[in-house]
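What follows is one structure encoded as structure tokens, with my remarks underneath.
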Amino acid sequence: MPLFDLPLERLRDYRPDRDEPADFDAFWSRTLAETREFALDAEFTPHAPPFAHVEVYDVSFAGWGGHRINGWFLLPRGAQAPLPCVVHYIGYGGGRGFPHQHLLWPAAGYAVFVMETRGHGGASVQSPGVTGDPHGAGGPQAPGMMTRGIMDPDDYYYRRVFADAVRAVDAAAAHPAVDAGRIVVSGGSQGGAIAQATAALHPSVAGACVDVPFLTHFRRAVEITDRDPYQELVRFLASRRDSAEQVFRTLAYFDGVNFAARGRVPALYSVALMDFVCPPSTVFAAYNHWQGPKEITVWPWNGHEGGSGYQQEEQRRFLAELLV
Amino acid sequence: MPLFDLPLERLRDYRPDRDEPADFDAFWSRTLAETREFALDAEFTPHAPPFAHVEVYDVSFAGWGGHRINGWFLLPRGAQAPLPCVVHYIGYGGGRGFPHQHLLWPAAGYAVFVMETRGHGGASVQSPGVTGDPHGAGGPQAPGMMTRGIMDPDDYYYRRVFADAVRAVDAAAAHPAVDAGRIVVSGGSQGGAIAQATAALHPSVAGACVDVPFLTHFRRAVEITDRDPYQELVRFLASRRDSAEQVFRTLAYFDGVNFAARGRVPALYSVALMDFVCPPSTVFAAYNHWQGPKEITVWPWNGHEGGSGYQQEEQRRFLAELLV
Amino acid sequence: MPLFDLPLERLRDYRPDRDEPADFDAFWSRTLAETREFALDAEFTPHAPPFAHVEVYDVSFAGWGGHRINGWFLLPRGAQAPLPCVVHYIGYGGGRGFPHQHLLWPAAGYAVFVMETRGHGGASVQSPGVTGDPHGAGGPQAPGMMTRGIMDPDDYYYRRVFADAVRAVDAAAAHPAVDAGRIVVSGGSQGGAIAQATAALHPSVAGACVDVPFLTHFRRAVEITDRDPYQELVRFLASRRDSAEQVFRTLAYFDGVNFAARGRVPALYSVALMDFVCPPSTVFAAYNHWQGPKEITVWPWNGHEGGSGYQQEEQRRFLAELLV
Amino acid sequence: MPLFDLPLERLRDYRPDRDEPADFDAFWSRTLAETREFALDAEFTPHAPPFAHVEVYDVSFAGWGGHRINGWFLLPRGAQAPLPCVVHYIGYGGGRGFPHQHLLWPAAGYAVFVMETRGHGGASVQSPGVTGDPHGAGGPQAPGMMTRGIMDPDDYYYRRVFADAVRAVDAAAAHPAVDAGRIVVSGGSQGGAIAQATAALHPSVAGACVDVPFLTHFRRAVEITDRDPYQELVRFLASRRDSAEQVFRTLAYFDGVNFAARGRVPALYSVALMDFVCPPSTVFAAYNHWQGPKEITVWPWNGHEGGSGYQQEEQRRFLAELLV
Amino acid sequence: MPLFDLPLERLRDYRPDRDEPADFDAFWSRTLAETREFALDAEFTPHAPPFAHVEVYDVSFAGWGGHRINGWFLLPRGAQAPLPCVVHYIGYGGGRGFPHQHLLWPAAGYAVFVMETRGHGGASVQSPGVTGDPHGAGGPQAPGMMTRGIMDPDDYYYRRVFADAVRAVDAAAAHPAVDAGRIVVSGGSQGGAIAQATAALHPSVAGACVDVPFLTHFRRAVEITDRDPYQELVRFLASRRDSAEQVFRTLAYFDGVNFAARGRVPALYSVALMDFVCPPSTVFAAYNHWQGPKEITVWPWNGHEGGSGYQQEEQRRFLAELLV
Amino acid sequence: MPLFDLPLERLRDYRPDRDEPADFDAFWSRTLAETREFALDAEFTPHAPPFAHVEVYDVSFAGWGGHRINGWFLLPRGAQAPLPCVVHYIGYGGGRGFPHQHLLWPAAGYAVFVMETRGHGGASVQSPGVTGDPHGAGGPQAPGMMTRGIMDPDDYYYRRVFADAVRAVDAAAAHPAVDAGRIVVSGGSQGGAIAQATAALHPSVAGACVDVPFLTHFRRAVEITDRDPYQELVRFLASRRDSAEQVFRTLAYFDGVNFAARGRVPALYSVALMDFVCPPSTVFAAYNHWQGPKEITVWPWNGHEGGSGYQQEEQRRFLAELLV
């Protein structure tokens, strides 16, 4: 059934109780403090051959554990600095790809800082990656990244990723061409989840574009969708039948609804009603908890691709208003 | 078997006999003459809201039958005209999409003219289209475009498309910012087939970027691959069992190997050895017939996505050398 | 879940509100008037070699736009004219096939007039077609026929088809062996939709056999089934995200529930409870709006094949009573 | 690869050695003698309600083991007896279906006798069956009929079926309206295999129409196709890994190439070059061994559906010439 | 949706009305009496080469109709007789496999008697079978065993199987090393259904381990799951559209809920909430009707594999307590 | 095509050239020396509740990097020590599962030591795992284990696994009940690859049972099979198009053909001719290079399951002869 989730009128009001650990904020404060013990050491190397109208840098910086995290940094050549900057996070499975895949925001007059998700991108034919996750896991995992280290919040894969993401904002802010007060985070699916978390964790982010976010409202997600990557969790639990309590304890530190409840900046969400990968109720669960100014674009006939180009036109409008 | 076609060393020499109608050139001369009876009437409407660093136009012009064909025209804002221009054709099923999906060549310092393929794009979630094919067909067709009007070369769908494509070069050349002597055609898959044909049919094209071209060496394609869209032909022949002779007679006017044999300008091809959609032998069949200066990038581990971003880096190099 | 739609007891009462344009009747009057401006010009050519006991004619007539529409006309050889006649419409994707596939009604003592659906049949291995749709479309379409011209009711594919279907009754009535007062329309799936519409649009039809009708209650269909051909609509809307209002405005002129509400003659419907292609609630939606004498056969364990041979036995009984 | 088997020019000459048990003829003589010990006891019950122009009988007779085998018998009402008769056998999985599915030959002026394959038809939505196989099997079987009793030729399922088929010819010949000297056997796939065997086993059959026959050249079939039903054999052998010798010993008594080598009457074969179910080399293996007058229709673009309606037109021509 | 059935809290209370024929007990008394007319004739042949620490016997006995039913009998070598014994039944499609696949209970100190399900195992690569079902069926069947003889309870396949299963307990009890008062039945899926029925039918069984039982609450199963083997029933009914009443009449004699209602001995059930093959509501339907002492292990994240090794650890505990 | 690889007669002779790095032995000496710097620290903890006739220990030891590697150790209770011991490695994706899944060799009179493959088992419903791989990777990876650290032999996942495997033999030898001179390694698929490598790397192994080994003859494997896990390599190369040379340089240190060429002890291989996962030519490539006494069981009708229980019967025979 294409319309498999709640009807739109109920989604508008869907604001489930959140399962939040008492030490949620302490956990993240400690994590970020640990991460910031490593000097940021952001490097910007010009990419060759150059583009006539866009400056392109191969960037890296020290993320969680001091591990090198790679990305791209682009800005319109000859533009008047300082510029607003979009820090962009990548969807599940993708790497940073090629600079020419990130020309939208430079064309619009902004800088863009693309952060690679560690360990991803090794099987993406469109967006190859280069960044590894040098940290393994203390226990077995289902293939994919969803269950790497899932038996312990400190060991969990997304702890490292979200910490990297906060440092990516620091790295962008460190570039002389960037106006540190006008940094916006963005991303779709996994990238949307990272943007959502970063907007909650980083004090100086100015706004967020969150498309069809993943990693949000896990409890409902694993019951309502049989698609990957949420199903990685189910496969793990189907194997390690005695681990459910521990798994969900870990996930509570990473659940998008808990980050959304800490969102104070303007946010533009999008959701698709036929999205079997990130079901609409899980997206509305976060959106309805978001505390800041917000709007959401609903795509009634789309799956996980959501609004794609249409949504990017929405974002151009949203950012033009936000970043004047 | 991933390596399902000939081994690379045999592909390098694979240059099959061509099945070319005696009136091939006459057919196309007549077709283009007919098409040019309609005034080009190219219109360039600024797209709103504007991009800070790129000028974007919603374009249309009169294609075959005088039908309006839509597209995009982008150039770097404030660049020194006249500029080289890439005329880009779209792959099967796609429409022109959004302007921000075509920022590569403006960033590199060129104009880009994107021509929509009539009738396509109605089911593409990433690249919606707006251009119809007001001409139907005298007989039934298999779903898709491959067999629309296939019983008669004059009625065949790609006759209209290739004629549109030639007119797209005229339309690009008509823009004051474009240097008509430095127009290059490009495209992948169906777009590659159109670029290949246009390079043969339009006298003033300066070069061609042809990626994993479709519509090439039909006879072998339908025997070696069971994937769409080539299989549209097989489905048609499996239904209309008495039509094979007529169908292949029509296709001979549209076969990429016959256009390649008329290619005189520098060309950069690409091919993927695990491409089940446009099998490598069909690509080499055309490449080995190409008469002009040429090079080919071989992607040994890829399917129909070919080199994607890697290949676009190759094209940046190729065009930088060609268009100085 | 095999029983995916409403339970039978609720289906029996399912009679949703209809979304009917104010000018529905005017639209169709105008359409039929336009169509009838072309002389019918029905031709009946004997098919060779002849069958010993059945007369077979290859027929054609002028449908919408004066386009030639093909079909078969069969009657029992040596039967006493005038005969009752079944005008039969074809399911989605099929052509008229071969005369020997239409021997049921001649064996039962009736004539049968089989109308081909323009443009279909190009990929049907069992029922090849020969009739084209010379009219294209003003905009792009998803593969298949469902969205050809869908942005405008006047341009929509099924406008031409339903107009052809009305003329098919005229053509059957024009044959000297046919008793024009005893013409029944029939069909399954798309053919059922056409029969349902024709029964409403043609004043002299005497009855209708409507099996698992397609093109009926579009709004619910696209939400409840993920199967083709209804999904062609969803694919189009997923691409052209801003077109939903216009698309449903067009569809309202073609929705089976609106034709059913104009049905005055005796009708025999059939429905299958596990039919994922034409879900049972969409069928009951029409059936429960039908105004004339009616009965419906419910096949609880079947998918879109419905009752097939069992239902044809029902039809033999129904027609025997109706056409005495 | 659609053209997965030998190229046509090699198929024309493909005549592999046959693996024939020394007692092949004795085995079948004994089998038929055993079967004929049961009185034929053919019953013809009029089917109600009657068709105006065709007489329809629900028939049954004593097959192997005296088990009742069901079918249909149809002839043109009021035709001049005695008539030629087509004895038709059903494809794998199908039952006899409904009388109106067998109107072709009565329309052409012949009687038709449709024999049901025992045990089949229990899952066919188009052609339900009514005949059981009261004999089980001495060992386990893979689902389907291919391996029922396969460890012993005397216990093998098709021994009973082929014996039934010979008796079906007897039953047809026993009807007063049938000209026993003008009985032709026909069938497609499994039906083709049965027709092929019956033409070899029954002394008075006058011709055979054999379409894309199954159960022919087993050794090659199981190596070249991964489709059912041949794969039932592979599944059995993959389970019972020590049974291959015994299994192929059994199959040698039932292999179509051994029956073809005994075919003396005129035969019309058909074969499809993209038939993954009954690969073309297995069909040509039999055809090239056939000893009688023969012709074969080659369908180059089709799968297992072969020529379908086109081939039935061929058969009308073939029978018209044969049965004058 | 992974959680496709009722939520756990409703499953706990789900105890649907049962459809039980008035002569249910008489039917089974008669069946068992008939079966016991054949001497049991249990044979225990040592399997070679021997295992150092386990005695292994190839066993057979006379089941329904006196047909030989095969299996394995294992006991710890040198253990103190008499021993408790687990009589184990096999899941759908499997045969008895190899002795080394049944070492669990001998390691735990019990004997194990493995009964093969007649006719199964012919396509199981892990668990080949050797036992046939010499009794065929009076009518056609869908592939698989579910509909063999389904038009008549006396002819139905599972009548023979359940009768065999009761005799398997007799055979185990007949072995001198077995303590006939401490025989427990066990099995998963089909094996669970057989164990459930045998516990109800055999007076001296001491307990039952019933995992994710099949053949239970048919009415709901065929409506809620589209997986095999329950779908064999739907395929049969979709073909034989007029047989539903008769089919469900037969099934009522074999429905697990009716056996569960006769269960008086201690039982350990297991159920999986994401089991699309044997949906959890059908399992709870039986469990909630079970009359004896009972417990059920719920596996919330598993499909039809249920608890597998985890559940076998549960069974070790359960049997250790039961069989002291 | 089921028989997709070379025919058996060519497989018997298939002995391709090997691509072996000059420092292959040095690499492994260094690796094992590094690993042995960590004290073995093998722990054997009794598993509860106990089995009556088998002693079961939960074992762990220090593998590569000193990481704890888990497993099971079982021996027949009360048997006369020292015993021969089978060290068993697990197939791709599986963990150590449950002790009762490893009762074969204790029943046969041997001890068995089951080593878990680090990081696997997180999604196996039958064989859950508990051992993690605390070492991550310096670059991105495709999902699965095949490409973890593949850009550098020192960082490659299987370097750690093979080193663990050598230490597992040390750990087994350290148990007082084990006769260190009669240790045999075994495994199927990935487990076969590990057994094959360990037999080459560990000086005191007495024999090897290698079933359908994976990780062998990579170059051919990735060209001939499109199945996982070999396809993980292709997905990585399709993404990281510039990495092929480096990837194959790494793989050469891990290729089974290079270990087979160092095999000196008696080996029992098995291979399946329809194995699309580990194609038969890749197995024969290793087998034909094996230097010690050897035999191979060929399963002509099987896929990757190979001989399963049949092969285990072969192994019982092979070990009975080897370990007397």
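We call the chains A, B, C, D, E and F, going by the order they appear; numbering starts again at 1 in every chain.
The rule is short, and it goes like this: a residue touches a chain if its C-beta (ideal position, glycine included) is under 8 Å from a C-beta of that chain, and two chains touch if they have at least 3 such contacts.
According to UniProt, the chain labels map to these proteins: A, B, C, D, E, F = Acetylxylan esterase.
Small disclaimer: the values here were computed from a predicted structure and weren't measured.
> State which chains count as neighbours of chain C and simultaneously of chain F.
Touching chain C and chain F alike, sorted by label: A, B, D, E.
> Sort the other chains by how far their Cα centres are from that of chain B and give me the top one.
Result for max centroid distance from chain B is chain E.
> Superposing the C-alpha atoms of chain D on chain F takes a rotation of how many degrees, nearest 5?
An angle of 120 degrees brings one copy onto the other.
> Farthest chain from chain C, going by mean C-alpha coordinates, please.
The most remote chain is F.
> Same residues or different residues where chain C meets chain E? The copies count as same if more than half of the interface numbers are shared.
The interface is built from different residue numbers on each side, given that under half of them are used by both copies.
> Give the chain pair, either A-F or A-C, that is connected by more C-beta contacts.
Per the contact counts, A-F leads.
> When the centre of a chain is set as the mean of its C-alpha atoms, what distance in Å lies between chain B and chain C?
Distance between chain centres: 39 Å.
> Taking the mean of the C-alpha atoms as each chain's centre, how many Å separate chain B from chain D?
Between these chains, centre-to-centre, one finds 50 Å.
> For chain A and chain B, what's the span in angstrom between their mean Cα positions?
Each chain reduced to its C-alpha mean, chain A and chain B end up 37 Å apart.
> Between chain A and chain D, what's the gap in Å when you average each chain's C-alpha atoms?
Centre separation, chain A to chain D: 63 Å.
> Return the residues of chain E touching two or more other chains; collapse runs of consecutive numbers into ranges.
125, 128, 238, 241, 302-303, 305, 310
> How would one label the connectivity among the chains shown: line, ring, star, complete, or other?
Shape = other; not a path, cycle, star or full graph.
> Would you mind giving me the full set of chain pairs in touch?
Once each pair is checked, the touching ones are A-B, A-C, A-E, A-F, B-C, B-D, B-F, C-D, C-E, D-E, D-F, E-F.
> Mind listing the chain C positions that touch chain B in their complex?
Its residues touching chain B are 93, 95, 119-125, 128-144, 147, 149, 232, 235-236, 238-241.
> Where on chain C is chain E touching in the complex?
It is residues 1-3, 274, 299-303, 305, 307, 310 of chain C that touch chain E.
> Per the contact definition, I'd like the list of chain E residues that touch chain F in the complex.
49, 51-54, 76, 79, 97-98, 100-101, 103-104, 106-109, 125-128, 302-303, 305, 308-310, 312-313, 316-317, 320
> Spell out the residues on chain E that touch chain C in their complex, using ranges where they run on.
So the residues of chain E in touch with chain C come to 4, 222-226, 231, 234, 237-238, 241-242, 244.
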